[in-house]
Each structure stands twice: as structure tokens, then as C-alpha cells.
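When the chains are written out, they are named A, B, C and D in that same order, and each has its own residue count from 1.
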């Protein structure tokens, strides 16, 4: 309790907690869970976009998409490293992902069904992610905060790139514009769900707020996202698929229609349309690659042995 | 020698030899080799055409191609059965194919590179096969002769169907006609090579002729094929890719330019462009299917055991 | 009248499954299956052709069977999710076939009384074909389920993988409901008992359990597919689309 | 002047290999390779873009990089056979990359003296990239060749599978010869020694033998490919072709 109070004072003073510092077990566990989920999301997130690399309709877009998916892998790598500073191995985290024990962002369990989705994911999904992540750049845990600064910078580049893809489609042929609208229709609600349940129904939140792991509530962030995104859609001439959406002068923000929480919970519980396919794909990559990882270890071992023998 | 003379008299009298009849070891070996090769050719021959089933440009053609490839599998089945009457198992023959010990028609080691190849293969490759096979319907070995009657009937249906595909292309858009011409350019010489080396360079032939396993020489059959095919190409408005091709009034047939025997032997020796891919594909099908075959055996065994227990 | 669209759903089911099974051609575990797979594929593609042709005529815009098959993209395809699932292995392929045929057999039997003559014609032929698919694929479900340890495990994996796609078979979209109201097509929900019985019989012999899907997957009828369909169509349509207007 | 066609051959090599390696994206054996593969893919696609653009300009018919990449079919593609070989496994993928880079590195070094400014520009960037590919893929060849029994067997299989496609790298087509005569592109045959040395060094550490192909496979430069390329292009071109004239 003494220690907890001291820890809280450091947090309140906006001091960064570093891996070697003492920390409450709950703080450590919360961070391991959250950073791990975040890392897994980056890794699984490579799949829906990876699905279109081989079909990208221009070489410029193909290169940009490849680079984007590579960035996501890179984010996964920093985040696993940040989690490792808390004493959990990448191998263990991977096993948790593949066994279905660890979660990742549900949004990646929706399928990418057209090229327009490569734009919409950048625009909405990365946009929502940034809303969630910018406050994390000031997270109390140092390695996570530093990783997030780099991640956010790249994500906002992705977000602009995604918006530009959608803009090109919206200004393109009627088929392209329809493709963009269809994609917005499919991704809008899942994007809103990325901010989690309404504050009233959210667990974890209070303690995370006190520990400054989290700095805004789900509903606050969702509202920011909607307010930022609606004018962008208008500019593109696309329609947000929410008949109840309207400007609320009093609160200076948009009111939105009801979110389908049944769908939310279904997808969060691992029953999204692509959930099994995602894990199967990662599991296959991992299993098929076992011999490669073993060979790399065996070779490193041989090299070490030869070096010692030569000394 | 007494027996050999008697056997030859039966052959000369056009009697059919049946599986239970005594026969010279060389006769049996020759037939096993030839029927086996023929069966393997049907099986491997499913691959180059199978390559276009998923891309056939109309549903009617897709269905016809699927049916054709199925027929080839069926031919493989009759022929393996005919060979089995000579005391060799399908399993053993399959192993010989997959180990590279047994040969199959080299023509299937060329790649199918456009839809037009589905026409050309029917027209030329099946056409050449029929030339080779019609005499086999009168082969001295009964089961082989009977299998060939059925095979030839279906092959000539395939040949007409192939010709009709080429005709549709030749009468189609300029791109389609170019596709047909390109395909003819690629398959013409390999089709001529299907008849084997010039008579002067051919092994096996004399004894096979005496045993009435073979009834015409390679060059005779090749000539028949050319004479039948050239007018068909002319009718289609396609050009046979042989500048030396011309009508020879004296012999009442076409003279053709020199065949590239280096290429012939290279391909016969297993170095055709798709040779490794073909065997790899068959080997993969076989290996991946091992658990299925084992399960079928295990289940049959369980069923038998339960039946006995119930009696 | 949206009946033509209901026929399109049916046609897409048959074409996509026929395409999937034809992918095995030349790669089956034994020669007998190298014959049986195209055989089933031919049945399905044949039915698809008649249905597309009829749908095109009812639509009345002059679209041919090939226009409907080759010139619609992934979001326009209306097949149920079950039929687009990738082949994976022989166990999953046979179970998928069995599930589909176990639905289509009673469907076509009921459709023998359709008010639409073409549908009756298709039904007469297709119900016999589906009876054969049930037999052929069902026997494999039994053999593999009651075969070796490996084959039983693979069958169980296949059941686990596919059971979430079953319920969609019994859903009727708005256009299907309209066709059902006119007595043109059978009511899908009515076929559940027959399906359950067929599956229960085979599963009993195969030592398999038929799980109830807590969260069934749906969406095919609205063109919300899994990612696999786009790749299937890319391949299927490539030659046709590269030569607009050509005859084949 | 057929120089633009010689650039097309080079561009096709880079695009096809870049496409192949990008197929691994999200499916690599470890996260580091999930980063390294797109990295190499980006190098290759970047080079392909500059070469297509330049080729299109030299051709002078207004064809853009995308016209050249997306609107030619299998028979029009001029890449060598090596780069189109399917990924199969990680061993084959790395060996293919190593073989190609071991050729392209000295190629670009020689091209630093090209009489064509754009080619010199590409060469300056690409030779460094290829040095990295040699290092990265070469190290994997060593690790796998001198790793476990399984990995060594797979490396040997990869060598057996790919060695017949090596000689084509050193062939110059007629159009390439023309570009070589003008000092625009390096003479391919001259690079054999450098390639042999690079490969010999790595193979010595990997305990692998470099076999001489008795019957090398050729044909890519005349558009006579293996069957795998058509499937690659079907997928690559599907969206672009479905929307003729659209901007992306």
C-alpha cells in the first residue's frame, strides 16, 4: 500500500516508469496484456491488407501497400520488444496468439472484399487506431510510450495514404466510386466499434486511467473520431451509412445511431467472419516455418561451437 | 523355340492372345511397358489440360474440358486394368511413374500457355494419338485391343472438339486468331515428334511388328498425320510453321522440313520444360493422398472384422 | 419480380462449388477420385448453366449464362459461404460436398412441384445427381471418420471448420422468399429436418458429432463473402474478361 | 531501335520476382522475414517501375509503366524462367533470390558505365540493393545448408530444382544484344565468372554443390514460360483489367 501510493505519486507527476523500476503486479499485467494485444493486432493486421498486395491495380499502389504491410510488421516488432522488457518472451506471446488465448483487434476479422478496402482501412481503421494511440504516446510506461511515438508517426502517414486512395476512387469512374461507397458502408460500424463498449459498460477503464495507461474514455475517443471523419466523407461525396447521424449544435459534435453491440460482442468473442481464417493463416506460417527457425538455431550453435574449437 | 513358333502362328492367324494364354516373356514385357507408358500418358496428360479448367472462358467449354480430362483419367483406368491382366499391379506402375523409371508421352512435358492450347491439344495431340492408336485396336493382345477400341472412340470425339475450339478462335477476334496461330506454332513440331524417331533410328520396332503389337512404322504414321492435318489448317486459315512443307505429287503426300531430333531426345530423356513439374504434381497428389488411401483400407478392414464378428 | 435473382443465388452456389471441386482434377488421392471429382463438378456446372440461362431470360436484359458467370465480381456473387470455402484437404472437400448435397437433394425433390417448368426440369435431373453426391461423399465421410486416427482427426477438423457455414443454407433472402411465395422455389427453412436426418445417419456411422453453431456465419446472399472467393473469381474470369465480347 | 524491349525483359524479371516474394507477406517463418521479404520486394518493384517507365518512353507509343505491367499477357511477358518459379518453400525462395541477386549485382555494377543515363541511375541504386539481397539470401542459404538435416535436404532439393534455370540468365536475346552493342546494357555472358564466384563462396559455407545443368531450360525471353506465370498474372492483373482506363 505504501509502495502503491508512492507508485501512484510518480504516475501523477507524469514520471515515466521504466522496465527496471518496481511496479505493481496489476500494472505489469495490464501492460503485458495491452501491449501484447496491440502487437498481435499489427501482426494479424498484415493479413487483410496482404490479401490485396498481389492484386493492387497499379505498381505505385502495389509498392505503397507492400511498404505499409511491412510497417505493420515493424510495429509488431517494436511492440513485442516493449512487452519483452516486462519479462514475457515473443515466443510465449506468439503461442498465446496462435492458441486463441490472446486477443487482437477484432476489426481484422472482417474480410477485405475489394481494392477500395485498402483505402478505407487506411482512412478509417488506421484513423481510429491513431485516435486510440496518440494518447498512448504519453503513456506512463516508457518503452510503450516511445514505441507509440514511432508507430503513430507511421500510422498517420498510412491514414493519409488511405484517404488518398479513397479520394482517387471517389473521383474516378462510377464503378470506382461505388466501390468506395460500398467499402465505407462495410467498415464504418466496425470502425466505431474499435473504440470499445460505451463507457458505462467498459471494464478495466478506471484503473487504467488512474495509471495513465489510458487517458480518454472509449466514448470520448469515438466522438473525436466521428467528428473528424464525417467532414472527410462529405468532402469525398460519400455517405456515412448511418441515417441517424446528425450535427448536434449543443455538444458541438455529431450524434450517431445505435451501435449493434450484439455484433460487437460476437466479433470480440472470436466469431468474426474471418476469425478462424486469420488464426489458421498465422498458425500455418508458424508451423510451416518451424524447420527454418530450427535450422537457424542449429546453424548458430554450429558456428559457436566451431568458433570455440578454433580459439 | 517350338513354343515361339506356335505363338507366332497364332499371331499370324490374327488370333487374339488372352491374359491366361502362354506367351513369350519378351511379348509380355513389351506389352507391360507399352500399356504402362500409355496409361501413364493418360494420367500425366490430365495436367496440361487440367491447368485450364479453372480458367476456361465459357461455361460450355469449362464443362467440356472437365469431361475431357475425366475421360483421360478413365482411359488411364482401363489401361492400368489391361496391364494388370499381365501380372503387374497399378501400385507398382504408379511407383515406377513417380520414381521417373517409367516413361510417358513426352508431349505432356510442354506447357499449356493459352486457352488456344486446349484446342490445339485436342486437334493435334489427340489427332496424333489416334493415328498411333487406331492400329492398336487390332493389336494381338486382346485386353489391350479392347481397351483401345473404347479409347479411340472417345479420343476422336476429343479431336473433333479440339478442332472446333481452334475453329472458333480462328474465326474470332484478331487476338483469338493470333492465339490459335501461336498455339499451332508451338505444338506442331512436338506433335510430329509423337510418332517417334525415323524408322531407320527406331528400336523395338521389328519385333513389335512381328508380334502385331505395332502395325505401321513411325514414318508411315507421321506421314498419314501430316497429310490429314495440313488441309485442316488450311481450312482454318492457319499456317503450319514449316517453310519446307509442300505437296509431293509423286508420293501423293506432303514433304516436311527436318525435325529437331536434339530437342526430341532431350525431351524424351526427361528434360522437357515441364518434366519436373509434372512428376512433382503427381508425386504431391500421391503423397498428400496417402492418408486417404490408408483410411479407406483401415475402414474396409474394420468393416470386414465387424461383419465377421456379427456372423 | 426478383425471381431471377433467386435463381442467380442458386446458380452461384452450383458454379462456385463446381469450380472448387474441379480444382482437384489431376491431383486427387486416387485415380477413382480423379474421375469422381470432375463427375460431381460436371453435375454442378451443368445445373448452374441451366439456372443462369433461365435467370438471364427472366431478367430480360439479354444477359447470357456467360455474362452472368464471368462478368460479375465478388460483391455481386450471391453464393452461400459454404461452397466457396477452400478445398484444404480431401476430408473438408468431401464434407462440404456432403453438406451441400444433403441440402440440395430434398430441395430439388420439393422443387419437382415448382410452378416454374424450367425449375421442375432442373429438379428432376438434379435430385438424382444429389442423391449420388450424398452417397459418394457420405461414404467418404464414413470411411475417413471411421478410418485411421489421422483421418478421423481430419474429419473432426473439417466438421469444426465447416459447421458454422451450415445455417446459412436454410436462410431465404428477400428474393428467395418472393420466389418461394410464388411456389417457384422450395422454402429453405422447411428442409432442416431432412438435412439433419441425412447428416445424423452418416455421422453416426462415422463416429462424428454434429455441433450446433453458436455463431453461424452468414452474408453470401448479400455478397459479403470470405476472402477466398475473390481469388477464385480472378482465376475463373481472367480469360473471358481479357477478351471483351469474344465468342468461345 | 529495340532497346526498349531489352529494358522490358529486365523490368519483367524484377516485377515477377518482386511479385513472387511479396506472396510471402504475412506468411513468413518469422517476423524478421515478414519484414525482409517486402523489403526485397520493394527494391525489385521499384527498379521494375523505373525500367518500365523508361521502356515506355523509348517505345514512344505513350505506354505507361502500368500499361506495360498490367496489360500484357503471359506470352508477352519476357522474364527469365528463374524468377517465375513458385515459392514452394523458404529454401527455394531464398536460393532463387540469391541466384538472381548474384547475377544482378555485377550486372548493375557494369551498367554504371551505361551510355544511357536512366540505366546508370537505376544501376547506382540497384547494385547496392542487390548486394543486400546477396547478403540476406546468401546467409539463409548458408544457415539452411549448414543447419539441420531437414534444412540441408531442402536446400539440396532447391538447388536441384533451380539449377536448370540458371544458364538462361547469361543468354542475351536479340534485343538485348542490340542494347549491349550500344553500350546501354552489360553483356550478360561476361558476368558468368562473377556469378560463379559468388555462388561458390556461399555454397562452400553451405556445404552445397553447384551442379552444371546438362539440359538448361530456356524460353522466357521469347515468352515461352512455365505454366505458373499465367496464374501469377491472372491474379496480378485482375483488378486493373476489370476497370479499363481507370486511374488508381
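Worth a mention:
Rule of thumb we're sticking to: contacts are C-beta pairs under 8 Å (C-beta built on N, C-alpha and C of every residue); 3 or more make two chains touch, one makes a residue touch a chain.
Per UniProt, the chains are C, D = 1,2-phenylacetyl-CoA epoxidase subunit PaaC.
What you are looking at is a predicted structure, and each value in this text was computed from that prediction instead of being measured.
Steps from subunit A to subunit B, taking the shortest chain of touch contacts, total 2. Two chain pairs are in question, A-C and B-C; the one with more C-beta pairs in contact is B-C. Mean C-alpha position of subunit B lies 36 Å from that of subunit D. Look at where the CA atoms of subunit C average out and do the same for subunit D: the two points lie 41 Å apart.
In subunit B, 55 are the positions where the chain touches two or more neighbouring chains simultaneously. Counting partner chains per residue, subunit D has residues 73, 234-235, 238 touching two or more of them. The touch graph of the protein chains shown belongs to none of the named shapes. Here subunit D touches subunit A in the complex through residues 15, 19, 22-23, 25-32, 34-35, 38-39, 41-42, 45-46, 48-49, 52, 65-66, 69-70, 89-90, 142-144, 146-148, 150-151, 154, 235-236, 238-240, 243, 245-248, going by the rule given at the top.
Those residues of subunit A that touch subunit C in the complex are listed here as 48, 51, 55, 111-114, 182, 186, 266, 269, 271, 273-274, 276-277.
The touching residues of subunit D, counted against subunit B in their complex, run 73-75, 161, 164, 214-215, 217, 219, 224-227, 230, 234.
Remark: subunit C residues 73, 231, 234-235, 237-238, 241-242 touch subunit D in the complex.
The part of subunit B that touches subunit C in the complex is made up of residues 43, 46-47, 50, 53-63, 66-67, 69-70, 73-74, 76-77, 80, 90, 115, 168, 172-173, 175-176, 281, 284-286, 288-296, 298-300, 302.
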